[in-house]
Amino acid sequence: MFRKMLIANRGEIAVRIERTCREMGIQTVALYEAADRRSLHVRLADECVPLNSPQGFLDGQAILEIAQAKGVDAIHPGYGYLAEEASFIRACNEADIVFIGPPAVVVERVRHKIDTLRRARAAGFPTVEYAPTIFDADDLAGDDGRALHEAVAHLGYPVVIKSCSGGRGRGERLVWSADRLLEAARRAQAEAQAVYGNRRVYLERAILPAHQVGVQIVADEYGRLIHLGEREGSVQYGSRKVIEEAPAPCLTQPQREHLWQTALDLARLFEYQNVGTVEFLVDGSGQFYFTEFKARIQVEHPLTEMVAQVDLVREQLRLAAGEPLTLEQAGVQLKGWGVLAHVNAEDPWQRFLPGPGRLQRVRLPGGPGVRVDSYVYSGCDVPAAYDPLVAKLVAWAADRPQTVERLRRALAETVLVGTPVNLSLLRRILGTPEVAAGTYTTEFLARPLPDEEQPESYWRDLAVTAAVLYVRRNQAFHPAVPERTLSGWHQDSRRLPQ
Amino acid sequence: MFRKMLIANRGEIAVRIERTCREMGIQTVALYEAADRRSLHVRLADECVPLNSPQGFLDGQAILEIAQAKGVDAIHPGYGYLAEEASFIRACNEADIVFIGPPAVVVERVRHKIDTLRRARAAGFPTVEYAPTIFDADDLAGDDGRALHEAVAHLGYPVVIKSCSGGRGRGERLVWSADRLLEAARRAQAEAQAVYGNRRVYLERAILPAHQVGVQIVADEYGRLIHLGEREGSVQYGSRKVIEEAPAPCLTQPQREHLWQTALDLARLFEYQNVGTVEFLVDGSGQFYFTEFKARIQVEHPLTEMVAQVDLVREQLRLAAGEPLTLEQAGVQLKGWGVLAHVNAEDPWQRFLPGPGRLQRVRLPGGPGVRVDSYVYSGCDVPAAYDPLVAKLVAWAADRPQTVERLRRALAETVLVGTPVNLSLLRRILGTPEVAAGTYTTEFLARPLPDEEQPESYWRDLAVTAAVLYVRRNQAFHPAVPERTLSGWHQDSRRLPQ
Amino acid sequence: MSKIAVTVDGRTYQVELELFGRSGTELIARVNGEPVRVLAPELGGNLEAMGWIVVDDRPYEIAFDPDLHWLRSARGLHRLEARDVEALDARPRNGDGRVKAPIPGQITRVLVSVGQAVAAGEPLLVLEAMKMENEIRASRAGVVAAVHVSAGRGVARNELLTEIN
Amino acid sequence: MSKIAVTVDGRTYQVELELFGRSGTELIARVNGEPVRVLAPELGGNLEAMGWIVVDDRPYEIAFDPDLHWLRSARGLHRLEARDVEALDARPRNGDGRVKAPIPGQITRVLVSVGQAVAAGEPLLVLEAMKMENEIRASRAGVVAAVHVSAGRGVARNELLTEIN
């Protein structure tokens, strides 16, 4: 096994990887940019090195230099950034450093999304409809998107614009009509560039309403291959998953088993290795369509870890070290139900405006059946430069209703003060009949959420609270100054309010 | 099911009960004494009521009055305090309030420890040797402990002095020779009085070295009865358990199954109901001896919840509401391994001096396979009046070595600053060969722990750190005043140091 | 005795309470004339430290902005208006036309220019932060009077971006 | 430049460093003459806020008492001695015979009386706190000069209990 590992990522996934490394006795080297130095992943590592590159975690060269200077024998890319970059994997190999993930040849086989779809379809697998063209920046700049419009002509609206580097809904745009196509493609490209360092996008025919389901695959280099069940991530806003669960409530048991078998067959077709996910869209009738491989650990992997009771990062490390798969399909027992919430530093009521800042108070939930993966703690910063995900709350219980109630309970006891957070949105989503019944689709959050009923005493108590705060504030800070002149808004004003 | 429950306890167990209540849609009423008002159990409840009684949580009358004023339909006693008081259970019944635990008649059958041992022995079960006398305060005051010495004469040293109200090692004293007997009995009585409000103690022949093992029992009022495996709590200091685990590493699988069956038979003999534990001592040869019933939820219950994947508090509530047991023995699968650490606010290097105070910084561990039950958070108080337990850290993994490493990892990422805590002691215990091999006994911590090896760089780095702190302190606080005069010790001094 | 009119998400209450000179943390207030018991444990410290309050035995963990425009409990975020009904100066505040950066980030595009008429809600600029593009929109209708930033420019929180007259 | 002699659990190091006038948080120190890089992120705030330091890329989360008698890391609690080797007044401190309450609690028994000779480590009183009885022992041998408390008395942290001459 490895002696020392560099983690080429930050935030909660870096913390997640450090935890398994520590349990396995592997030393860790964390990277951080200046704004991120108070994050937990920097504190839990054995060594921490500043990353001073304008490209940040996308700068494979800079990261490899640090890895060599620190004498590591492995690099874990986490998700995003360098997780599916075959050239980086090859550079690691040449430097005699093990890359934690599939070999470069496997990544190359599955990273090109259109080729992957073509090959799967040729082998008889059901896939989504796609346009066989990749749009790079120049394709849009020149001709006002004629190529784009031509591509859609074969598919018909609605279409989804997806990043070729894909993942996590970033760089994805749903388009319903031709007049929004060009702007949407530009936005998708800009976001893909920001997140993946690569602005290439392609088009798929949208399936609406749909369910987004992925099957977790684990494979060794000797041809042993198993699945660990599926996850559903259909509760989305702005193409980003916000509630996910395992198993997928949209499937019947026969559909589920058919899906598992299809995923295993696809993984065999592409000779997949290491830990990965085979992704599908499922329509209202339970028909499913292959969309892509995710050749890495995914954000929502704790769901699988809880229902299958497997440490996926440990499996990644073992497989990358060349060890054979020791889990057997017959020995894997998927038990109970898991539901995961993405806690984001953003304001859902202000068009999801991200909310960086300092978290003065943090209290994360605990107790039975609750797992938290996070990089935050009381007094830490949420830097502006990264994804707004601050914590993943995962609940597990013996059945789905208990699990949903448990996650609601965990949310209710979570305190994050200092930046806007989406806790109350998550609470409202989990309180809807659609989530209670497990009947939601990817369209679910396009409709307004019902207001929560609160007892009269709640409003009265908050009014008393506000009055106490109001009197206390005027008393303590400025008993003589009119309240109107005190806000930050007016203090730095260059002219008085009209 | 219940509508509203009063929790007649505080700290982590009150939080634990509130969590299940919230998941089941049951409103909660928390109690708090003034020093405890910042604890988490007060914040997570739907209502919180000050408890103003000199007897505190032992004052059943005051608690019942609050329960009636608040219109609750159930009271959960947690552990300790009123958990095994038949008279309180009857008072609840008369007030038409359900007591969460066994009925009064069951508690009366098992609470008298000597009677329980006699009945078990008469039915052919192996029990510890005991003296059939109860010592109340007066027995010790009058005759210089003659009755005590006579009781020991039948047993022989070493003996254990145990509280008749029992539990959690409080009020327990191991005595090796006659000259320490009287003082030890007085101490045991004083501690029993402080913890349980009842100073009665009795004597057992000590089994040394031994393993302390309890089998978790769940039974309904219709005669259905199952076990959920056993726990071992042999890592103790000052008779208090500090590391516990499930399953018990001291047992072979045949011994384990024999123990389970014996526990079920004992529970049937006593017609036990609700959730409880049948406790045994196991000697070096694997022979076991029944000691007592614990007719309540126990501190270490999360271990069973993790290996059996059952919510024991939910089961308590369901059974107390008269529902039948729905778990079946064949459906219970004990999987993997759990290890639990008691994090106490106390200083192990200062004879376990308790350490109340304010916790300025709290960061509890998370990630895969880690559960935390606690009442603390950043900025809370650890009151002086209660048990020093501030958090239970529980790790679960597929096998025992992984679980021990996971708990070490969880300890390493735990931050508690503001009071002394036993984190580094726990860390050292978990690093010993005895814990790694699972071969420890109740005698284990009587021997000194080996020092941990640290690399030279560690000491050097701490020296640099100390130098930075030293210079920074002198610079910021008092550049001109000699360092010697600055400590709290000297500032309030009435004479100068010699 | 202060008399405060408080509106929480559109529901208005008259609250009477007395805080001046109190050393304790418990007090009796009146809401629409009815008495309520209040325990405000952190009342002695600075205002931001006050994260917990108990009203008639019901505990609330709260967060709020220094201007008391909003209050957050575990059940949601609520808009607040509070004013002293006996104070002389009780005019509500007007928003002006100055558009400031709500978060630190980088301006990626400027969509309007000086002299241009804009409708309320119309996008003015795009600000990138946390890998997300965020449209900054006009808070009211008017004419763009000034644009203080250009594409590519990094901006601090509350930095003035444009002005609308 | 300060020259500090630091002893950590019996291991002594000579540390040279310069903090005066520094606005940044990174510095180079020398330990027994060897240079080490130090990143002390909270150096600008108050001392107690400093919970994290990085020495030669190795991060440490730390806690310490204001008198710098001990330092805690995730790996353990360590005794410290630090002194400025160039300061004039570098006498080590002496313990005196005054015995104070190490925690708040209640005195349940007083085991000695004035004039009694006691050995180092001999129990003087029993103090109950957190439901535990704690023996307070003599820090050195001597004669009990004063007993300031009686059984049943509640005591605050650091309250003077007995004196030994």
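Before moving on, here are some points about what is shown:
Labels for the chains are A, B, C and D, by order of writing; each one numbers its residues from 1.
Basically, contacts are C-beta pairs under 8 Å (C-beta built on N, C-alpha and C of every residue); 3 or more make two chains touch, one makes a residue touch a chain.
Here the structure is a predicted model, which means the values were calculated and not measured.
Relative to the C-alpha centre of chain A, the farthest chain centre belongs to D.
Chain B and chain D have centres, each the mean of its CA atoms, that are 31 Å apart.
Chain A and chain B have Cα centroids lying 39 Å from one another.
Remark: chain C and chain D have CA centroids separated by 46 Å (rounded to whole angstrom). Listed for chain B are residues 361, 412-413, 415, each touching two or more other chains.
Taken residue by residue, chain C touches two or more other chains at 58, 61, whereas all remaining positions touch fewer.
Taken as a contact graph, with one node per protein chain and an edge wherever two chains touch, the assembly fits none of the named shapes, being neither a line, a ring, a star nor a complete graph.
Applying the touch definition to all chain combinations yields A-B, A-C, A-D, B-C, B-D. Contact residues of chain C toward chain B in the complex are 39, 41, 52, 54, 57-59, 61. By the touch criterion given at the top, residues 170, 187, 190-191, 194-195, 345-346, 349-356, 360-361, 384-388, 412-413, 415, 417, 423-424, 427-428, 452, 454, 457-477, 482-484, 486-489, 492, 495, 497-498 of chain B touch chain D in their complex. The touching residues of chain B, when paired with chain A in their complex, are 15-16, 19-20, 22-25, 40, 44, 302, 305, 309-311, 313, 335-336, 361-364, 366-374, 377-379, 397-398, 402, 405-406, 408-409, 412-413, 415. Those residues of chain C that touch chain A in the shared complex are 2, 4, 6, 8-9, 11, 13, 15, 17, 19-20, 29, 31-32, 36, 38, 40, 43, 46-48, 50-51, 53, 55-56, 58, 60-64, 66-68, 71-78, 80, 82-84, 87, 89, 91, 93-94, 96, 102-105, 108, 128-135, 158.
The touching residues of chain B, counted against chain C in their complex, run 37-38, 42-43, 45-49, 70.
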